[in-house]
Amino acid sequence: MEAVFLQLLNGLDKGGAYALIALGLTLIFGTLGVVNFAHGALFMLGSFCAVSLQKVLSMSMKVRDESVTFFEAYKEVPYLEIWFGDAGKALIDWTVPLALLITIPIMLGVGYVMERGLIQRFYKRTHAEQILVTFGLAIVLQELVKAYFGANPIPTPAPEIVSGSAHVGAWFGLSDAIVYPWWRLIYFLFAFAVVGAVFAFLQLTTFGMVVRAGMADRETVGLIGIDIDKKFTTVFGLAAVVTGLAGVMYTPVLPPDYHIGMEFLVLSFVVVVVGGMGSLPGAVAAGFLLGILQSFASMTEIKSILPGIDQIIIYLVAVIILLVRPRGLLGREGVMED
Amino acid sequence: MNMKDNILVLIFGAVILTMPLWAGIVGAGYPDLLQKFAIFGLFAIGFNILFGFTGYLSFGHAAFLGIGSYTAMWSFKLLTMNAIPAVLFATAVSGLFALAIGFVALRRSGIYFSILTLAFAQMCYNMAYSVLTPITNGETGLTLTATDPRILDAATTEGLPSTELFGMGLSGYNGFYFCAIILIIGFYISVRLYRSSFGLMLLAVKSNQNRMKYTGLNTKPYLLSAFVISGMYAGLAGALMVVIDPLAGAERMQWTASGEVVLMTILGGVGTLLGPFIGAIVIKYFENIFSAFNDAVLNQVFGFLPDFIQGIWVSFASLFVGKGWHLTLGVLFMLIVIFLPGGAMEGFRRIAAKFKKEKEAHSAGGAE
Amino acid sequence: ADFVNNPGNNKSITLGFNVPQTGAYADEGADELRAYKLAVKHLNGEGDGGMLNTMKPLSLKGNGVLGKKVEFVTGDTQTKSDAARSSAKRMIEKDGALMITGGSSSGVAIAVQSLCQEAGVIFMAGLTHSNDTTGKDKRRYGFRHFFNAYMSGVALGPVLKEELGIDRRAYHLTADYTWGWTQEESIKNTTEGLGWETVATVKTPVGAGDFSQYITPVLNSGADVLILNHYGKDMINSLTQSIQFGLKDKQVNGKQFEIIVPLFSRLMAQGAGDNIKGILGTTGWNWALQDAGSQAFVKSFGQEYGFPPSQAAHTCYCQTLLYANACEVAGTFYPPEMIKALEGFEFDGMGNGPTLYRAEDHQCFKNVLVVRGNQNPSSQFDLLEIVKEVPREVVTYDAKIFGGELGPYKV
Amino acid sequence: MSSILTVEGVNKNFSGLKALDDVNLVVEEGSVHAIIGPNGAGKSTFLNCLVGRLVPDTGTVLYYGNKPEGETLFGLPPHAINQKGISRVFQTPEVFEDLTLFENAMIPVMAHLDGSYRFNSWGGVLSRGEIADAAEHILSDVGLLEKRNMHSGSLSRGDKRRLELAMCLAQDPKLLLLDEPTAGMARADTNNTIDLLKKIGEERKITKVIIEHDMHVVFSLATKVSVLARGHIIAEGAPQEMKGDARVQEAYLGGAHL
Amino acid sequence: MSDKITQSQYSGPLKKTLQPIKSQGTDPAFFSVWDVHAYYGESYIVQGVSFDIHEGEIVALLGRNGAGKTSTLRALARTDDPQLQHGEIWLDHEPLHDMKSFQASRAGLALVPEDRRIIPGLTVQENLELAQIEGRKGWSIERLYELFPRLGERHNQIGVTLSGGEQQMLAVARALAKDIKLLLLDEPYEGLAPVIVHEIEKTLEDIKKLGITTIIVEQNAIAALHLADRAIIMDAGQIVFDGTAQEVLDNAELRQEYLAI
């Protein structure tokens, strides 16, 4: 029972992450129709916004490290610490939440440049060409990040105050053994909030309808006086921001490295397709569904009956759903069915 | 199949078979890379039969590559070190898998098909890595051991077994020629297929499935045949990989490997006969040659420059070679697809057209 | 005798450094490459000579090897067996490499080692810790200077007994490949020998990233020790996440919950940050060792690059020197002779005390370090505190226990 | 004359909308049966029900293609229906846009000769002369022979429609369904098409069901006219009768000058 | 009237360059097209089309299949295909040749495309609302439903499942939902039953009364000529006749040669 509860919690937070990544992807892929293999790279760039901020905040003075005797070594003392003492330390401690603030403008800029500079020429090109060019872009971004930050994961911890775990079990009157990291709970809530905000934006304004229409028939929407290029740029920027935020928030969960995006890439495509192309609720639902199923499939009890199921559950479920429901969970007719 | 095609195949064959003689000029004249050219070329040519002809983009063809490798490996381990049975079994078994996977995946089209194939391949990969370890030896990969049963020729070999073709060893250049001949046959078959009425049907599928159905043609078996054929090419390529280097690892089934063949095909030119092969060569060449550059080599190259400029150049260039060769590849992908949609073949066509124009202009000028 | 890539009358020889330049172990690979370059420098008589000043017996003269200048080529294993083999083949076939060295994963090392055996080229393994490398998959042409999982278990045992007692329940998370399997087995044997109970052993895919789904079951399993048979990025992630899930603060069965990482390295400790503090494990070598060899190496490495070498750098540096020395001793590059010179070679002055390259399985035997994540580091590099230096006699085992066959001298 | 299609009591609803309401109809073999009616009357829906593309909610459709007792086509995939001798021209032309006209014409010929699937992967397309001949013949019939090497995607719409018609004819069908075959065609081409359809009618005795708004076409070709309005057949008979029928006037022709 | 307008008849700015450029010349007519050349990639389709239209005029653009009528309309509406390589287009003193299609639409040009192009996935109502999101609004949606009661009945149906005729009405209604100065109709009667053709004809008469300038492309030349004041006939991408509708109706030879009626 406790185990089930814990795996469920775990699935929720994993699902939140999938949902958030898939949300950004479904804006680009399900709405604009671009098979964006650079989506993972956007996630990665988001993470490295946090890393960079951390780097900037902990910019340090080099002090001769006397304890190293074999050769001349230097240790680094952050300027913030030198100047502001504990306040400076606290600032460094809060790197990740602070990074959210800088990530929004940065990712908006990245999305803008990427769409205007590259993606825009590819709306009419084939999926295959979109894959090639965005994959190329993803590699370039990755390699640049690697050249600058190195290949190893860079720890970017959450603020001290939320680094422990919450006694979730006690809240629900269950066993005290059920604990869950604060940051993961925050991640889940954050994902929820972002998803809600994006939905509100697209549902409560006509923006969503215009974009859908533009996706279905770009030319005609242009002919009725709508500057669809601009709308698409906005969508792309929005997607980049959502994905970047997902990346920032994920850094305390998983220390980012240059390759982190690729690891999410395939999975996020699966999530989007299982959810149904172009359906935002679908992407979110599929994200949670797959997250929870994967979490349960890793339970020892289940693995002992079906060995290896934890390895393939996501793909297996994807296959079954696509066969039973041709357009995924909540896909609309006519979107990317060619 | 007309005269022009026969000539194409002949020239292709001649170019491939003489490769060891001239590839050295660009630093590619060593067996391992040449073998790769042949194997991945074959893989891409087969992939093109599905993707190029029918427009169905499979993102899981690496699974067949892996299945071919494992099958061939088990043929070596259980039967004989002769490459022929290994190659035949691998082709057949991967064909069977392709039949099963294709049967299911082809119930959907477009991006849904891509995701289904991807899902199947990832399942194969993940299982090869974990629960199927007894068959695949997991991450370490399946290797030959001196204690393999090899019921047909265990008695005749001593020490560590190595692959052979009726007594001829298949490492080094022999291995290359073996792969090259299979590649040429594979290319010939793909040309015949392209020119056949079956090939025309595949192009029709790509163009308008609805019209096809209402013309009384059942698209599904056409697609399935194409899927199985290209799966068999992949299995064959996988078998050749272990013929020249008897180790079957799970990584070659990962989605990135499936993605690689997609990239090769697009880079060279989707739907063209030669393009996929050219794409394969370009990518493998970059992978092998550029990743081997290091600072020492760069310093040599830029040695003629004054020291401080040399330093700048070397550090800039080192971004793109050695461990940064991926960057070069990424830039190449982008440049090609932005400026040369249609891939390398499109590039050749444009160059040819330009020459022709110039020639015409010349002759026109001459007439005046 | 003629052999593959015989340098003949050439003025120089080429060595092939095959390290991960991309992928999860890229930083490890980078450090290995630094060490290799340093070794080449020292072999050619440049720089301060490093361990050439401390190694004994020493046949090298600082004028290259057998009078030939040492050059090198590099390759990227991508931490994949396929890629590693093809890169090794390239170095052998195209660049004429006389010896291949490197690798950062046992899977890769074993794959390349068997390739080298077939090709008749010496393979000096870099980082590889699986028992299989010099056990069931050992090869005549392959040598390992690094220690292995079995030795980790033996070295760790007494410390565990002393610090955690004999009544413990252990839960293993294990990287699903040869190294993980053998380490799990070795550690399990050790702890069960102490009287510990093994609650569960769970295999996790390499590169899983988020391990939370494997960690949550630990919480309710009744285990009071978590053993992470992970390395590199996987270990950083699984350790970080275990701590986020509050495992380190937990009390189970009336005891403080403990996490053990049987194989540690300083590069990893850097990645894991504060989480490493107080965690027990073993390591092959540490820059803080005070013997003359280690100090000489740290000094020249530190001068060259500004930070101390990792255990990866150390083992790779040693391997290069050991190969060169063996050629010098044999008086030829001819592999069968060189192999014989290295088999059973006893040396000292390269860190870890007196060392033996055992003839039966080409495994080096030297002191093993039991370490703990430093609670109060005195410098940024001082991440591991040496708990105990376990003497080589203690960790030596019978070569037969892991089976395998070296194969012929001549191929 | 025997009937080739018999429709009895067909009903079809689209989420509350009665698109077809108890439709009964007999198509005589060899006839040209026109179905006219205002937009949204259910003509296309009816056509879809005839060939099993849509399954009606109630009612039966029997096809007497090969079997004297007739058979139902419901549930059969499109290619199987076509193989039974029913071809169809779409309201918006559907051709193989990436292929040349010649290839476009060869495909139906092959479908006719080889059935719904044939793994004919070794012989070149042109190795069977009869296929090329038939394709050329049919292209010249519709006057597109000189464009044989063009890609059909760059044809004007009128030409696409002619090509599609040619492709259907190349299969030598028993029953040809035409949904507005001359919509958007220039008058000259409309006349050509009428002539073509007439000629084919005389040569091959193909039964045709034709939906058309152009009364000129209807009255030039049809041997029988059924008028559909709001899902009902409101009148049926010879073309001349229908012209004068008051109900037809009101529901369909309005004040239009013919 | 001559077959082709000459340079001197053209009231727009006289500037012949390779690229459409902004003119500083004299005052152009209400709608003025000057030497428009347009390509689909390599294929040269619209080969130098020029004409002037006065405010409130209705012009029938006629010609055989493939004459280039649709292409001309699309070039005027500034769609991406065909590409305008040369020429100027002025609508009420605004240079359309400098614009993209959405800007042309906001400048008051509305194209009802030949295959209607109802937006998939949207209902009838949404299709109409979409047209009023940006740019100036024209008729209210209620008023459009009065004009086309069938659309009102079906306002919640997905647009593309409408019957052909209903879709045509929706396309016209969508154009009127904006404040337009020039209406381009590409075969508005195609596929419509005579009753409906009649209805749409009446609507077009109404539109005419409102003073909306219209260009109508139609295969049913007679019907179009009855509606139009003027006729322009195209052949092979060029204008071969420009005159009054009556002239065409009277000139059997001309009709026979270019229209086959």
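Order as written gives the chain letters A, B, C, D and E; numbering starts at 1 within each chain.
Keep in mind that, in the parts below, a residue touches a chain if its C-beta (ideal position, glycine included) is under 8 Å from a C-beta of that chain, and two chains touch if they have at least 3 such contacts.
This structure is a prediction, so every number in the text was calculated from the model and none was measured.
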| item | value |
| --- | --- |
| Intersection of the contact lists for subunit B and subunit D | none |
| Intersection of contact partners for subunit B and subunit C | A |
| Centroid comparison with subunit D (C-alpha atoms), farthest chain | C |
| CA centroid of subunit A to CA centroid of subunit E, Å | 47 |
| Centre-to-centre distance between subunit E and subunit D (centres being mean Cα positions), rounded to whole Å | 31 |
| Separation of subunit A from subunit C, taking each centre as the mean of its C-alpha atoms, in whole Å | 35 |
| Interchain centroid distance [CA atoms averaged], subunit B/subunit E, Å | 52 |
| Shared-contact residues (touching 2 or more other chains) in subunit A | 311 |
| Contacts with 2+ other chains: residues of subunit C | 22, 26, 30, 205 |
| Set of subunit B residues in contact with two or more other chains | 126, 129-130, 326 |
| Chain pairs that touch, as defined at the top of this document | A-B, A-C, A-E, B-C, B-D, D-E |
| Residue ranges of subunit C touching subunit B (in the complex, touch as defined) | 21-22, 26, 30, 72-76, 80-83, 85-87, 89-90, 93-95, 105-107, 110-111, 114-115, 117-118, 132, 137, 176-178, 203, 205-206, 405, 407-408, 411 |
| Subunit E residues within the subunit A interface of the complex | 77, 79-80, 100-103, 105-106, 110-111, 113, 117, 119-122, 126, 129-131, 133-135, 174, 178 |
| Contact set on subunit A toward subunit C in their complex | 2-3, 6-7, 9-10, 13-14, 65, 67-68, 70-76, 146, 150-155, 157, 163-165, 175, 177-181, 183-184, 252-255, 257, 259-260, 263, 294-295, 298-300, 310-311 |
| Complex contacts: residues of subunit B adjacent to subunit C | 27, 29-33, 36, 126, 129-130, 138-141, 143, 146, 159-160, 162, 171-172, 245, 247, 249, 251-252, 288, 291-292, 294, 296, 322-323, 325-326 |
| Of subunit E, residues touching subunit D in the complex | 40, 43, 63-66, 114-115, 150, 161-166, 168, 187, 190-199, 219, 221, 259-261 |
